[in-house]
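Here the structure comes first, spelled out in structure tokens, and everything after it is commentary.
All chains are identified by letter, namely A, B, C and D, in their written order; residue positions are counted from 1 within each chain.
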Amino acid sequence: MIFNRSIAFALSVGLVALFVQVSLAYAQDGSALRVRLSSDIRSTDPGTNRDDNTDAVVLHMVEGLVALREDTSVGPMLASKIVASSDGLRYTFTLRDGVKFHNGAPLTAADVVWSWKRYLDPATGWRCLPEFDGRGMTKVLAVEATNPKTVVFKLERPTSLFLTTMARTDCGGAGILHSSSLDSDGRWKQPVGTGPYKFGQWKKGQYIDLVRFENYASLNGPRDGYTGGKKAEVEKVHFMVIPDEIAGKTALYAGAIDVFPEVRSADIAEIQKKPQVKIEVAPAMDMYAFLIQTRDPVLKDVRIRRALALSLDLPAITEAVTEGVCQPNSSAIPSSSMYYSTVQRLGYRRDIAQAKRLLADAGYNGEPIKMITNKRHSESFDSAVLAQAMAAEAGIRIDLEVLDWATQLDRYTKGKYQTMAFIYSARLDPSLSYEMISGPKSTQPRKVWDDSLVQEKLAESTRSSDRAKRQVLFDELHRKMLEDVPFIVLFNSVDAVGLRANVVGYKSWAPAKPRLWNVHL
Amino acid sequence: MLSYIARRVALTVPTLLLVMVAVFALIHLIPGDPAQLMLGDAADDATLSQLRQHLGLDRPLTVQFARWLLNVVHGDFGHSITNGLPVLPLLLERIQVSGTIILAAVTLATLIAVPAGLIAAWKQNQTVDVAIVAGATLLLSIPSFWLGLLLMLQFGLKLGWLPVVGYVPLSENFSEGLLYLLLPIATLVMIESGILTRMSRASAIDVLRLEYVTHARAKGVSESQVLRRHVFPNAFGPTLTMIGVILGNLLGGIAVLETVFTLPGIGRLLVDAIYARDYPVVQGVMLLTALTYVFINLIIDLCYPIFDPRVTT
Amino acid sequence: MNIPNLLSVESLKLISSVNGKTLVDNVSYNLCAGEVLAMVGESGSGKTLAARAILGLLPPGIAPSEGRILMNGEDLLQVNSARMRAMRGAQIGMVFQEPMMSLNPAVRIGIQMAEGLRLHTQLTAAQIEARCLEILERVRIRDPKRCLMAYPHEFSGGMRQRIMLASVMLLKPRLLIADEPTTALDTLSQGEVLDLMTELAREEGTAVLLITHNLGLVARYAQRAVVMNKGVLVETGDVKQVLYSPVNSYTRKLIEALPRRGPVLTDSGVKTPLIEARNLSVSYRDNKPGWWRKGRVRKVLDSVNLTVHEGETVAVVGGSGSGKTTLGRAMLRLIASSGGGVFFRGHSIDGNNAKQFRLACQLVFQDPYSSLNPRQRIGDIVAEPLKLVRNISKQEASQRVIQTLQDVGLDGLALRFPHELSGGQRQRVAIARAIVRRPAFIVADEPVSALDMSVQAQVLALFQSLQKAYGFACLFISHDLAAVEQVSDRVVVMESGRIVEQGSRDTVFDQPQHAYTRALLAATPAL
Amino acid sequence: MKAFFKHKNGLIGGAMIGFIFVVALAAFFWTPYNPLAINLHIRLQPPSATHWLGTDEFGRDVLSRVMAGAAASGTVALLSVISAVGLGLFMGVVAGFFRNWVDRVLMAINDTLLAFPGILFALGVMMIVGANKWGIIIALGLAYTPTVVRVVRGTVLSIREKEYVEASRMIGNSELVTMLRHVLPNCAAPVAVLTTSMVGWVLLSESALSFLGLGVPPPAPTWGNMLASSRQYMQSAVWLSLAPGLCIALTLLGINLLGDAVRDKLDPRMVVA
């Protein structure tokens, strides 16, 4: 009123002028796809300093000798032919013709050898090194280029998982890099790979830009997972770091982004109702489960564990927390796996009376059981809340403890919990799925299922490549698991991706990684 | 004056040192570590210890702290564990974002709140006053993230006037950059002007009771002059203190808004770093915020004599 | 009187809109140009409200309901706010009581002084500055140029009141309202400021409405006086008539309350010294923030020698800043001395007799509002000193408290809180607390200067009667020579931390030796 | 006019707080539905005659949860404020009264705490002590202690210059007695005013902590965690966020009105920074 009317006036004029400019600032010409990232990537170096988002971005730029197909089986990528020796100790890869790196250099066997030497060097810090240096799965004794188009891998012991592990997304798909990815001091610069997009710009904490690689040589054939039929249709992919779910959702509605991966299942219904957006859903392989510490004084009694399982209405939980998008699955094997058969469909059926009987037998007297959960994964959190209410009906008292993800991981790694709502990341092979849960607790406290018989069967399944034989083993394991109740599997996640209505060609898939080739506006 | 500043700065050294010890202790007391986070559900012992060694987390804590401190003295804040970036440039970049928002919002809030408070005090217990006080109280009663989201839905989504996510530095493109900042600034202005209005009203009421105001009126000075010249300078002291408190609180509190509006600011950096157990970043941010806090207080103290000549430095 | 009235107030009535109470009722008086009219009354008499109504500066919620205020025939209660603002400052100036509060601390003096001239005249900036410098010189401010650039806090109270006076008289108002202009000042500054004021008023022909509770000032400076009591005007007339032959009983009561010289303790010299200060010095260190730095040293008490005998009242007089309060505190060892020492009954005070000394000494403060813990009941306040006396039973103690409250005239108030009492009653509580332990020595630091005239007289009388009953010695610190004259046996005059003169009361009052003493006496207004 | 408004504001504020208090108390014994009872058949239903404020994502009755939330939020707010005030009063009085090395040490600690951004400090503390009701009380209590210390110390510094403190020494009381009997009780007014505003701040902080991922754990509802989790449904089920949001805002409004009245009553001049 008495304070500088003129300043107020100037301010309001300025604001109006700004609003007018908005529309200009927003002009979207269709040459770039804007994609939400829930957190910034950690590096551009495949399989080293990484997390899920890092893998997703990096796998647009680099490709390995083999890669995942749409059905999560493994197929050749940069290799045109793969021959394994009968003893399983020698793999010969023939490279595809005409493949070029982002810098124009042709792909040769020497590049493969160079890349693998680098991965096998502990200084690189490759996340999957333990699988290849003898500590884990096997040991790569040598990687040799027998001619410019042929590379031979020699292994110490045979394994059915060699190619599968190579194709793992968290290993960066063992992407083949050109040596110019490093600077003259051998430090990481940026990925010079063979993927359909090349590195553009990384504004830390804000966005990563990938640019179309004009000389990309796609593996012929139809679109198939990470392997064939890849075509970069937009000039630019603009990954925007938007950690807050709701902000991301609003951005999608407002048209500030085109692709919103990792839609929480609870939001799927809401998104479907909006005319300007649509949603793509495919079953995925992450596994939601309640882990139970079998060494806990209360929970070491299998009757109590069983009672807990019987007290839960697992289909209802799945229905509620995923808005009916996911199917319940009580098996460690993802429902999208080819090993998922009738036996794997067996699960627990809610039976409060039986649960109460078991509890009474075990002498359970309402001792509180702590269940750890976290707010990072809302499905997991919601399941815990529901489980708490359902278990209460059977007289089991669950106290929830909400931790941040890092703290929960610490508890998980140390086995320091009674129960926890947990998410296992995707395992591409049933053997890997069982490996992830079973093992000796004394040396690997994170393992939930400590049983020597299980270990044996598991080892057997790893050695064998015979599908029928393996299926028998997995069926046995599943039956045993339902009996022992070391953990309760809820469901496998879905890959739900929100899209602006004008986005064409996007497909969600089991590994739940966004793929922005063959997509246009 | 200069020696006063020098003395004040010297006085802050023990505080800062204590802050750093406390931060270091606190962050390492929190369970979990970056190696586990990186490896997730498949963290076997061998890989874990290899990674810890790689990150230098296997050394005793005292050694880690001493090394860090020594490096900081030499201007090296270390590298982020999360993305390997040098911490210092990261901090400087991030604090610009938060700094812009905080300073703009607090300045605007002051420009709105102080006159509003004066007018309310002047019209004490009349309709205008009741309206201003009710409005101010309501504003400061709303959780910032809620208000931010409401504004975002209204102006970003419904009306489509303003962008809902993203950030462009003002130095790159001023008008576009401003668009991204308008909503967060508006949210902050609304909330902080609530607090400041009440503050400025309360101190203006105190000043209005004093004799020199009556004296000025007895000289025939008009009411607006009385408010501007005699009430405002004397009522601004407590408001200035409050501004200092707000600025200090916002260094951390801005994290909430930065999350809502997806801004790469220092608050979000800190929250993310805490969740990611990115020790060098947490320590860096805390050192920077503590320094800023000390600096703000120094500035406020140096500003005091302008409004109250009785205070000497 | 043949001079036309400048101001005439006719049956003014002020009421509060909060509770509908009548605060000022049917007040009428006139004032001619060049005349000084004193408005006399105690706190709560409505004199300030009646005066502020002239300027329309009543506190919110108080409004005139009846009457007229005619200034040159114009009714000030009817004019609009613009006209009123034009009158304020230019026609009617006002000087306030509290010089510490009436100048804006945040604005340079030059700007504050120029404000009125800028509003009411068309003078240029240079002319304004010249006028300001002129009048500052006139009110005897040293270095007027610097003064214009300075802030109020850089000046003492007396100086500020002169600056205030200058800035008001700068506009040559027709009427000057002076609301207790010197109450907050010490005797010397009081005289100087009022001399200046009447001088300037005479020169400009300005009429003065002097609001005061001090009858001495009325006698010295005013020609006519009106007396107010509880919102009603009780007496009007010439100063001589009002002061020397008052008609109204309230006026008579006021005049009777004036201090009179009392009898002196006769057999002095026989008794042993009770307490003695030998070369007592106190210095302060300016405190600056910092862990290591130390501030500058300032000496406030400089080698003072003073003896107080049993049962005797020694008055310490001096202006503000003379060190008299410090002397009192130092003799009670509430302040650490930096040199010399205090001797109690001939012994230096150390660990052995410190406790005993503390139990034998008490202090009565100036401000009865801050000297009582607002969260304690009166009875508890008075009983507290007894808790530290060892051989006294609970029953005895409560007996003693009741007795003491009776002594000070507060029986039945033991369960009240301080804020429920009047200023005079509070000071009685403070006295009760001081005497309840039957001390040998009491320091009374300006014990009545915050009280109204009639209350002052009562409290002084009480003090004297208690001294007679319990025989304690007293160090009576005051700037009010009238009160000193009434109660003291001996007088000590202090200036800048030193004793400049001491002697028996009659000697000091009747034959002052030191120039400072003479100035003090001359500045003390008396009837 | 003046007194009328003041009186009225304080009364309205008092009535609001009183009402919430009664509701919170009642919620310990009775709510329309069990606030924890999940009913997956009636998820996310808008307000209706059976569920006055609708249902949430698990089909729980929002009204019942808001009521129970009043109790939980109130307990958290009161207990954290009490712990902050207790600790702060102790530190502040000791520091302000002794003004020697004790003061310096305590103030150094306090400055250290002040230099932490409050809400993030609370976040860190919660990560250590655990995300439960007690964790949040400890975290917020600690986070707000420095503010109390500052106010109390400032008050003590002004009180210790009061003549009744000198009178207490004059009587011969020990420093401890002087502090307990004459200084401490007189800190009550500013502390009371600070306490009222702090209850509001703590309510807001609790919701901010929930927003940042660590609040009072479920299923126990607090307004903070209800508001934080309702953000998700801002588009599809706006009543979920309106109920707790308005509760927080109205409570703060009431607290502020009441606080103003308390301040006016205790000390019209006091300004809490």
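Criterion: a residue touches a chain if its C-beta (ideal position, glycine included) is under 8 Å from a C-beta of that chain, and two chains touch if they have at least 3 such contacts.
Keep in mind that this is a model prediction, so the values were computed, not measured.
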Reference subunit B; chain at largest CA-centroid distance: C
Pair joined by more contacting C-beta pairs (B-C or B-D): B-D
Centroid spacing, where centroids are CA-atom means, of subunit B and subunit C in whole angstrom: 48
Computed distance of Cα centres, subunit D from subunit B, in Å: 21
Separation of mean Cα positions, subunit B and subunit A [Å, integer]: 37
Mean-CA-position distance for subunit C and subunit A (Å): 84
Sequence positions of subunit D contacting 2 or more other chains: 1-2, 127, 213, 231, 234-235
Residues of subunit A engaged with two or more neighbouring chains: 246, 253, 404, 407
Shared-contact residues (touching 2 or more other chains) in subunit B: 30-31, 124, 149, 153, 259, 275
Chain pairs that touch, as defined at the top of this document: A-B, A-D, B-C, B-D, C-D
Touch list for subunit B against partner subunit C, complex: 7-8, 11, 124, 210-212, 214-222, 229-230, 233-234, 307-310
Subunit C contact footprint on subunit D (complex, rising order): 1-3, 104, 162-164, 166-173, 181-182, 185-186, 188
Subunit D residues within the subunit A interface of the complex: 36-38, 40, 43, 57-58, 127, 130-132, 213-215, 217-219, 231-236
Subunit D partner contacts - residues on subunit B that touch it in the complex: 14-16, 18-19, 22-23, 26-27, 29-31, 124-125, 130, 137-138, 140-146, 149, 153, 198-199, 202-203, 206, 238, 241-242, 245, 248-249, 251-253, 255-256, 259, 267, 270-271, 274-275, 286, 289-290, 293-294
Sites on subunit B touched by subunit A in the complex: 30-34, 36-48, 50-51, 54, 82-85, 90, 94, 111, 115, 119, 149, 152-153, 156-157, 160-167, 175-176, 178-179, 182, 224, 227-228, 259-262, 264, 268-269, 272, 275-277
